[in-house]
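All chains are identified by letter, namely A, B and C, in their written order; residue positions are counted from 1 within each chain.
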Amino acid sequence: MNYRSSYFILTCLGFGFAFLYIPILSMVVFSFNASKLVTVWDAANSPTLKWYYALLNNEEILDAAWISLKVAVINASGSVILGTLAGFGLARFSQFRGRFTLNAMTTAPLVMPEVITGLSLLLLFVALEQLIGWPAGRGITTMTIGHMTFSMAYVTVIVNSRLATFDTALEEAAMDLGARPLKVFFVITLPIIFPAILSGWLLAFTLSWDDLVISSFTSGPGSSTLPMVVFSKVRLGVSPEINVLATITITVVTLMIVGVSFWMGRRAKLDKAAA
Amino acid sequence: MTGRGLVVVLPYLWLLLFFVVPFVIVLKISFSDIDLAIPPYKPLLEWAGKNSLAIRLNFNNYAFLFTDTLYINAFLNSIKVAFISTVLCFFIGYPMAYGIARAKPSTRNLLLLLVILPFWTSLLLRVYAWIGLLKANGVINNILIWLGVIHEPLTMLYTPFAMYVGIVYSYLPFFILPMYANLEKMDWQLLEAAEDLGCRPWQAFYKITLPLSRNGILAGSMLVFIPAVGEFVIPALLGGPNALMIGRVLWDEFFSNRAWPVASAVAILLLILLVPFMMWYQSVQARESAGAR
Amino acid sequence: MTTSGGAAVKAAPWRDPAARPYVQVDRITKSFGDFKAVDDVSLKIYKGEIFCLLGASGCGKTTLLRMLGGFETPSSGKIFIDGEDMTGVPPYERPVNMMFQSYALFPHMNVEQNVAFGLKQDRVPKAEIQERVATMLDLVKLGDFAKRKPHQLSGGQRQRVALARSLVKRPKLLLLDEPLGALDKKLREHTQFELISLQDKLGVTFVVVTHDQEEAMTLASRIGVMNHGEIVQAGTPSEIYEFPSSKFVADFVGSVNMFEGKLIEDEPEYVRIGSEELGGTIYVSHGISAPPEAIVWAAVRPEKIFMSTAPPEGTDNVVRGAVQDIAYLGDLSIYLVKLPTGKVVRVTQPNTSRHAEAITWDQLVYLSWDATSPVVVTR
């Protein structure tokens, strides 16, 4: 590549990544700031862990985190099942009744503004409650249903695109050797596309964990999720406990991503060599 | 192979019930009246006498939206903001995606990881970070004052500027990733062939790379533009009271004013506005995957 | 010592009208929309044969193979294997196994597990599985590689695993899809003979799909040449080569010189053809059946043409030309000789002497051939 243009690209990359990471780093740095004003560095008393202790004793935040965790796990697991089924169907069967609709329904949530999805889900739950008495009020169940509806779209896309590059000869070979289609799926297809399913699970988990808008619409009294609590605090301005929360989140996410991509890197070698 | 339809039955029904049916209900409620009741809207279908349904279609809500300038401005402003943000994402994100696609495989993975990491960190928290940076006694102002560049803090928070920064910041990974996916498939020998035939590097880029990456640009743009139009969190946290975005209007109508029918009408209009773009996105995706096969 | 086609070639069951075919393809057609990939194909394949489907890409040979395997259902027609109608039967219920072009080895299982997979599906007892897998791996000389995973093997080794996996179930029919395509030339030759030896030992009936005529000629007991979804000729390699039934077959298998002409004399024991292309007459020492005044083609193989600087005897089957191009291939040389009529004739000569009298460019030579050499085709 041309010497001069690669300089340009490098500069763009540099600025771009700086743009992406400076806010994140500033949050981390100021989580150790003793001052309650957060952004005014209190050199006399900082760095300190006092806000870390404060966060870990904050009942409201801990309860909300627990609820978020429950919803996220159930959501991720359910979305993976629904999304894998849909992704498999779309990838393997080029013609079936309702294919166009299914395809549209699994790609629309990816781009739809969340306020629309959230509002529509809430109105559905209200109407259902009037009609058949379920769901009785909004809470964890309705939130989970709401999250699953949009998470599964992401899983579908991931599984579908993984299966597009999957060598169907492997499935045919298994059938040729005597395995029936269902067995082929569980013994051959699933183990091989497992990394894609895992990343689908993680993505669904993260989307649910971070979700604010849909949760706000579909939750009820006593079922505030972590983002909802964070939002109500943050509306009022900066808060040092939120910086701590951000730092913890970033650390966990970083460790998780590094770990998973390391594991995937080893598996990719396996897949590549077998292709 | 029998039973192939059964595989998709479960997700199909789920989405039908929890994704499609709700829209029908939103449509229905957008035609009803506000009621001081729970739920706060009058029923749309009523049994009037034996076996006949009277459907009360109330277009007031829509009329209200079209006549009250607040809503019209909110729609127009949302489109404007989303469009400008998309363009900014393009100018920042395209070179980044290009740089990653042309990097060595080992560096590439690291760079991708660095792009994905913010994407997996909560949007809410990252937007919050900008509050800390942009406010009157925030980091940026403190540094500028300390450097002596300015003497009075700049008003950055609660301005349209802050909102643009927030939206571009949050949606940048959404542009970079599909852009990268598209550029990665590019045959770089085409550029070598062009240069061999006398093209200068910038010309080669303009005549070859750019047109061939069209689908990636469109996909990335749609992934930024469409959700940005209906964005709520960023205007709420970073934009001031003048940041009129339709997503925020919907939220306020619903939660603050308890005007469910009006909120529903807003949602329907927003949906109608965005559906053409969503269909365009779908067709771009279909073209891209058909080309890949 | 094995010959191509194994034991079957000696018995030639296809010549015996009473012999029962092991695989019978009965008027099979496969259409994809308006396009007929396989058009009304009928075949009889006998036990122990290596039958090759030969053709260019798109001729339908792979589709036909996949129908034999059960991966495609015919639009019409029937398939019988060992007397049973297998037309609609899915692949996991057929006594047929396939060796895939990409080998399709399961990447998450090691060699042993790959080979054992088919036996596990049949619920064969564990002890028996172990024994059969070990025997098969020894047979393909991969006994030491049992615990390795596919990505740790070379291309040739992976191919042997695929072969072992498909043979361990002792199928009635083994289908091979371009088995040697991914191997380099030396390995290919070596593997060809290994395949023949293996087939002979196990007595399995092979159906091989290939676009490489050399491969087909080496492996096959019989070849079915395919074009546009039809079998244009089926026969032993020598039958196909020496007695092609059409221009297409003559041209597809090996190189050939085609001389277009009209019958001058048409007798039961000989025909004489006048060819403008050649600029002379061709005398063929056998009769043909063709309507009078028909346009025919005389096909003469390059190795059957004799080249000399002195004029040979006789006026039939002789022509004069100038050497236009020479390609030296080591063991033989290819000469392109341009005739006064403009036609270019291809002649191959083995380089029998190290200090041969070299025939050079632009040299005038006489080309001649025996009366038994031309094959007359009418279409």
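By our rule, a contact is a pair of C-beta atoms (placed from the backbone, for glycine too) under 8 Å apart; a residue touches a chain by one contact, two chains touch by 3 or more.
Keep in mind that this is a model prediction, so the values were computed, not measured.
Shared contact partners of subunit A and subunit B are absent; no chain touches both. Every chain gets a centre from its CA atoms, and the centre nearest the mean of all protein CA atoms is that of A. Chain geometry summary: the mean Cα position of subunit A and that of subunit B are 17 Å apart. We define each chain's centre as the mean of its Cα atoms; on that basis subunit A and subunit C are separated by 56 Å.
Subunit B and subunit C have Cα centroids separated by 59 Å.
Residue ranges of subunit B in contact with subunit A, taken from their complex: 1, 4-5, 7-8, 10-12, 14-16, 18-23, 25-26, 29, 39, 92-93, 95-96, 98-100, 102, 109, 111, 113-118, 120-126, 128-133, 135, 137-139, 142, 169, 172-173, 201-202, 205, 222-223, 226-227, 229-233, 236-237, 247, 250-251, 254-255, 260, 263-264, 267, 270-271, 274, 277-278, 281-282, 285, 289, 292. By the touch criterion stated above, subunit A contacts subunit C in their complex at residues 167, 169-170, 172-180, 183, 188, 191-192, 269-275. Residues of subunit A that touch subunit B in their complex: 1-2, 5, 8-10, 12-13, 15-17, 19-24, 26-27, 30, 37-41, 82-83, 85-86, 88-90, 92-93, 96-98, 101-117, 119-121, 123-124, 126-127, 130, 145-146, 148-149, 152, 156, 164, 181, 206, 209-210, 212-213, 216-217, 227, 230-231, 234-235, 237-238, 242-243, 245-246, 249-250, 253-254, 257-258, 261, 265. Within the complex, the subunit C residues that touch subunit A are 69-71, 90-92, 96-98, 100-102, 104-108, 117-118, 121-122, 149-152, 165-166, 169.
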